[in-house]
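By written order: A, B and C. Residues from 1 in each chain.
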Amino acid sequence: MDLERSVRDVLDREAVTALVHDYCLLFDENRPRDVAELFTVDAVVDYGPESDTIVGRDAIGATIAVGLARTFAATSHHVSNVQVVLEGDGRARSTCYLYAWHRYVDGSPDGELWGRYRHRFVRTDDAGWRIAELRLEAAGTVDFHRARMHPVGRRPASA
Amino acid sequence: MDLERSVRDVLDREAVTALVHDYCLLFDENRPRDVAELFTVDAVVDYGPESDTIVGRDAIGATIAVGLARTFAATSHHVSNVQVVLEGDGRARSTCYLYAWHRYVDGSPDGELWGRYRHRFVRTDDAGWRIAELRLEAAGTVDFHRARMHPVGRRPASA
Amino acid sequence: MDLERSVRDVLDREAVTALVHDYCLLFDENRPRDVAELFTVDAVVDYGPESDTIVGRDAIGATIAVGLARTFAATSHHVSNVQVVLEGDGRARSTCYLYAWHRYVDGSPDGELWGRYRHRFVRTDDAGWRIAELRLEAAGTVDFHRARMHPVGRRPASA
């Protein structure tokens, strides 16, 4: 066993997982500018087929700010089942599960989503690990503010 | 501190936790044969008192395939509170929490389960850590497709 | 990299996280005396503005015992998004997400809470890491047995 390499890998997995947790916490605290700081300058976010893919840290912050101001009275993003793959050379990917609860400004019934985040991460020279890509996929939703979502990739039942 | 032993233990806890996450992901993607590969050849799965205990990797794959084909339109298995105990000699146990959401093929209301998985793991010579035993326990359910489940072992209120 | 220090830090983060998991498991198993043992003798627990702050391990055990005996028929405390900050000198803090499900003795509809635990930990000479402080905050609740909770600190929408 290469002890130092193994420990570095454990710390890297902890670091990118912490970014996912920071994203949830800052989003749920309605701090869109701080959420944006977790991303690389040229990061790409894809929340689903009903909304345009967001490109760039500034656009990410601005888009999230609109949703937080107009749509949500409260949100809670519970992530689990975090699986990180270190790809070497300062790159990593992860898949995690998301159970998200939303209370709406307009008084609609609380919306729930069961799904996944797919993340890609890059270690930057100046700020360490940052999120380079985020894609949201849904296994299912109830009373959710979006009708169509990227699917989680479940095989058809007949397969 | 025995540094190398400590690091090996951290990696072993990560490895068996990854098996639990793989189980959820592959189940939710409707890939019963790939789920079965996570188990030892002679593994034992106990989903509760209403279904027979399943013995052997092939039977596990076949049983899960039936449920995935007939019962579920979508599922999402969110595990957390993972506690691993390394027992030495290539053996480990874990308890984790499960919040599982199910959408049914027949249009019944979505079913939810709050409970636990109890896992036993074995490190095999050819394929590394594998699941040797899985037991599902429920703290409670709502609109679930099974009426009776193994309980989580809560003491009676008067205790 | 100070290898030994890094590994000690990983093990410390695992140890305090395990305390949070133990708290959930023992609470959900209706074992209030065992829950109390996870805390320091002079620990402080704040479940919200409707209940007095609880001071001391014995009072924590007694208060939890009353709730478990009178209010809950079953509970399930799912924690995730665990973020630990080691402060040095045997002290640590953490924030984690909580999704808690409750079934009531009186037959009221199941109660749900989406929120956070804020923990402070101390490493004791005789028993290792223990919980020194616990504060519960809610992003939202449905059919919950308490009307008012400490908020999670979400900024107002106009901020």
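Operating definition for what follows: contacts are C-beta pairs under 8 Å (C-beta built on N, C-alpha and C of every residue); 3 or more make two chains touch, one makes a residue touch a chain.
Keep in mind it's a predicted model, so treat the numbers as computed, not measured.
Engineer: How many degrees of rotation bring the Cα atoms of chain A onto the matching Cα atoms of chain B, given to the nearest 5?
Structural biologist: 120
Engineer: Is it true that over half of the residue numbers where chain A touches chain C are used by both copies, so same, or is it different?
Structural biologist: Shared-number fraction below one half, so different.
Engineer: What whole-Å value do you get for the distance between chain A and chain C if each is reduced to the mean of its CA atoms?
Structural biologist: 25
Engineer: For chain A, give me the residues that contact two or more of the other chains.
Structural biologist: Only 3, 7, 10, 78, 80, 99 qualify.
Engineer: Within the complex, which stretch of chain C touches chain A?
Structural biologist: Against chain A, chain C makes touches at 1, 3, 6-7, 10, 13, 78, 80-83, 95, 97, 99, 114-115, 139-140, 142, 152-159.
Engineer: Across the complex, what residues on chain C touch chain B?
Structural biologist: Within the complex, chain C touches chain B at residues 3-4, 7-8, 10-11, 14, 18, 21-22, 24-25, 28-31, 68-69, 73-80, 99, 101, 103, 105, 110.
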